[in-house]
Amino acid sequence: MIYLVRMDVALPATMPESDATELKAREKRYAQELQRDGRWAELWRVVGEYANYSVFDVAGNDELHELLAGLPLFPYMRIQVTPLAAHPSRIAAEEDLAPGNP
Amino acid sequence: MIYLVRMDVALPATMPESDATELKAREKRYAQELQRDGRWAELWRVVGEYANYSVFDVAGNDELHELLAGLPLFPYMRIQVTPLAAHPSRIAAEEDLAPGNP
Amino acid sequence: MIYLVRMDVALPATMPESDATELKAREKRYAQELQRDGRWAELWRVVGEYANYSVFDVAGNDELHELLAGLPLFPYMRIQVTPLAAHPSRIAAEEDLAPGNP
Amino acid sequence: MIYLVRMDVALPATMPESDATELKAREKRYAQELQRDGRWAELWRVVGEYANYSVFDVAGNDELHELLAGLPLFPYMRIQVTPLAAHPSRIAAEEDLAPGNP
Amino acid sequence: MIYLVRMDVALPATMPESDATELKAREKRYAQELQRDGRWAELWRVVGEYANYSVFDVAGNDELHELLAGLPLFPYMRIQVTPLAAHPSRIAAEEDLAPGNP
Amino acid sequence: MIYLVRMDVALPATMPESDATELKAREKRYAQELQRDGRWAELWRVVGEYANYSVFDVAGNDELHELLAGLPLFPYMRIQVTPLAAHPSRIAAEEDLAPGNP
Amino acid sequence: MIYLVRMDVALPATMPESDATELKAREKRYAQELQRDGRWAELWRVVGEYANYSVFDVAGNDELHELLAGLPLFPYMRIQVTPLAAHPSRIAAEEDLAPGNP
Amino acid sequence: MIYLVRMDVALPATMPESDATELKAREKRYAQELQRDGRWAELWRVVGEYANYSVFDVAGNDELHELLAGLPLFPYMRIQVTPLAAHPSRIAAEEDLAPGNP
Amino acid sequence: MIYLVRMDVALPATMPESDATELKAREKRYAQELQRDGRWAELWRVVGEYANYSVFDVAGNDELHELLAGLPLFPYMRIQVTPLAAHPSRIAAEEDLAPGNP
Amino acid sequence: MIYLVRMDVALPATMPESDATELKAREKRYAQELQRDGRWAELWRVVGEYANYSVFDVAGNDELHELLAGLPLFPYMRIQVTPLAAHPSRIAAEEDLAPGNP
């Protein structure tokens, strides 16, 4: 099941530099694990902002919440989730790969 | 270059049914052509809304505007464009395909 | 899977009374069918507004969109979907029914 | 009388971990008591957010305010209350339970 | 039970003058009936707007919705309802009337 | 002259408990004095929020500002003022009291 | 008593040119009468918009509403009223006129 | 050149009382100087808020920014500037003073 | 004097195609005249929208309003004006052109 | 490729004066370097605000993010990016320079 997720990060000004560094390193490892197992399907930086747009492909609402709530930066993020469905104008996956298509 | 695009469609209540049908058919053909040539990279329906989230992969701002302004439904849509950049926690494409990854 | 859905209805001022009546009758039959099969789990009127808050219990995003897009009033509604997950403070269903609970 | 309530929690960054833990434990006990006596009728997590949507079934406005203002996390929450009414398309409770319904 | 209600009226530009006049006359009679039986407790014009703030004193959510949905101008209004509770700093009604108070 | 006033209170997390208690006690005395002299005509709690809706009946804008700026909690409140006028559908005060009215 | 008023005009696209012209002429006469008697104290165009910011100096809320509701363009305007009070840093009128001031 | 300016002040809760007092005194002197030389043409308190609406009459954008950025409270204010133009319905200054006008 | 201006165009669905074409041609001629005389200094399309961001360099507020109100599309546009000032980090124009700069 | 960028700066009240001064000096040097190499094409102060509107001319989304994220004030700014495209009514650069044009 597909979800679009936007995350905006705001670390408190009072957080020691070393804590921030350690937190971001943990966040990165966490994000990469989920990318490797295919559940964090896309990850882009929003230009000019400490924010990302991501696509998750998970079993459903509960699994998505569990993944997001487990993010090391979760307490410092505003997260917006948009559930997505198949679009009728989407070309079929097979067509995508069919010979003769550009 | 990657852009996230949200399109919300609102056809005027006065549009004849046949015009709407014809317009949507043209929109679908146009969308599928751009998917086949790889520039309309992702296309999802927003659950419960006559709207989509799309990802475009184009040469830049001018090409994106040209593609969007050419949409048959363009005069009836509100479009929001968010430019995206590579994210430092994104796993490299090669790693994605490397043996040993799930 | 649980979703909170808010629907705001706005019929065009130009719609003939009989069309509106017929549309609302179809909407009611549709809503009641989905309530009977358990997928439209809750349905409340928002006080003072031509709007409802509903709870859907469906297989996932695609099924929810299919149900909502099939609503006879769909072209005349603004719909907002919020995906919900289990809450850790929710008392378990069994406890609910256990003897000795008030 | 039915109310939809959304609660968004924001603990101050300066609150000691132990205070937060104790507060959350008290919040959980309080929430479960109200669920057991039937006044906190539904409780869901909003996916990706430290927030919930809840349904309360209470005698009226004053009782609802008293319950909400008594929440241990009340000073740290933004709460939005929407009064709900019976919906004319809601299938009657008796019908729900009638033999022959799915 | 007390509710604050704001109503913003927007008649369609296409409504014939005579329809508007008749509708407003019915609205006035309806509003005055409810004032006389005490349920429409306060009614003020918002300065500079075709809008009012009202206070309703009714049995609860369902009765309030029934009254509001019955307004002749209901299809042409945006209505916002805020449930109100007793305030701990409110002087008691008896004190209000007690001898010696100004 | 009538004004609707909404006040939202937000005490800083760093304020010592005793200061808050003393401030609230002063606020209550102040509010009750103004109720007794008739200028703070109505006072309700907004359900679920540390906020109130109030009606003031004062000589005009300057007096209202003086009263509000004098609130002990003024530095910690967001205040919104809506000037109100007589509504043409308001039943006259005399009619209210006339024999034969319920 | 002083009020800041913003008026945004939106004539319906269907209004005949001659009606619009006649309406604007009446609006102008009305606005100039109120300026001459001193109640419409200031009148400026908002740069780039069919809108104005105005200052009214009237007896109070009721008189202001009566003046605004009497505007020929009233049915086609969105009006926002902000009540104003004397500012403690305002130099006194007498000082303004005192000899020796620039 | 005329500009409408709204200033909302928010002093940090941590600012010592004496600093605030000194800052406000400097702000007042600064405001009065600019009123005396005619550039800060109007100054009103927004009822119920620690905010003002002001009218500035200056040579242009650069001078206005210089004046506003020089305000002692500038670091603690949110400022919104609206450029204003002459309004075609404004009665001419001479007419204002002409004999025979009320 | 410099201003940033955003213009969003929305032609009514009922405007005949030929009127729209004629209007846009007049708009284009008007825009190009102002570009040639240097007052419409910059003109960009907002990607994906029937909108532009423009920079105007004019004598002041009154001239800007006159230019904008004279736009053939003015009745069909929402326009937002932001006055701009010189920025202290802007490199001087002469430095820009000095030999030795990249 | 052209982008409009708005930056709003908010330094924390707790930042020592000397840190702020040093940060702003670094920001200025950074901004001027980018202006000299032509990528930070325009830079204006928003009148009355600690904010700027800027125009960037860069290779694309990734380069723009890299430049913005490298701003010394980046952690203290809210940044909004709007991608821009060529406008069909823009006079050609050559025409601009052609003899006979004003």
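Letters A, B, C, D, E, F, G, H, I and J mark the chains in the order given here, with residues in each chain numbered from 1 onward.
Here is the rule we use: a residue touches a chain if its C-beta (ideal position, glycine included) is under 8 Å from a C-beta of that chain, and two chains touch if they have at least 3 such contacts.
Nothing here was measured: the structure is a model prediction, and the numbers come from that model.
Note on interfaces C-D and B-J: more C-beta pairs are in contact across C-D.
A repeat of the D-E interface exists among B-J, C-D or A-D. It is B-J, with more than half of its contact pairs matching by residue number.
Here the CA centre of chain G is 19 Å from the CA centre of chain H. One simple way to say how far apart two chains are is to compare their mean CA positions; for chain B and chain E this gives 46 Å. Between the Cα centres of chain A and chain C there is a gap of 28 Å.
In chain E, the residues that touch at least two other chains are 2-3, 14, 45, 47, 61, 64-65, 81, 83-86.
If you check the complex, the residues on chain E that touch chain G are 13-14, 45, 47-50. Considering their complex, residues 3, 5, 12, 14-15, 61, 64-65, 68-69, 75, 79-81 of chain I touch chain G. Contacts from chain C toward chain A in the complex involve residues 1-3, 60-62, 64-66, 81, 83-86.
Within the complex, the chain E residues that touch chain F are 2, 4, 27-28, 31-32, 35-38, 42-47, 52-53, 55, 82-91, 95-96, 101-102.
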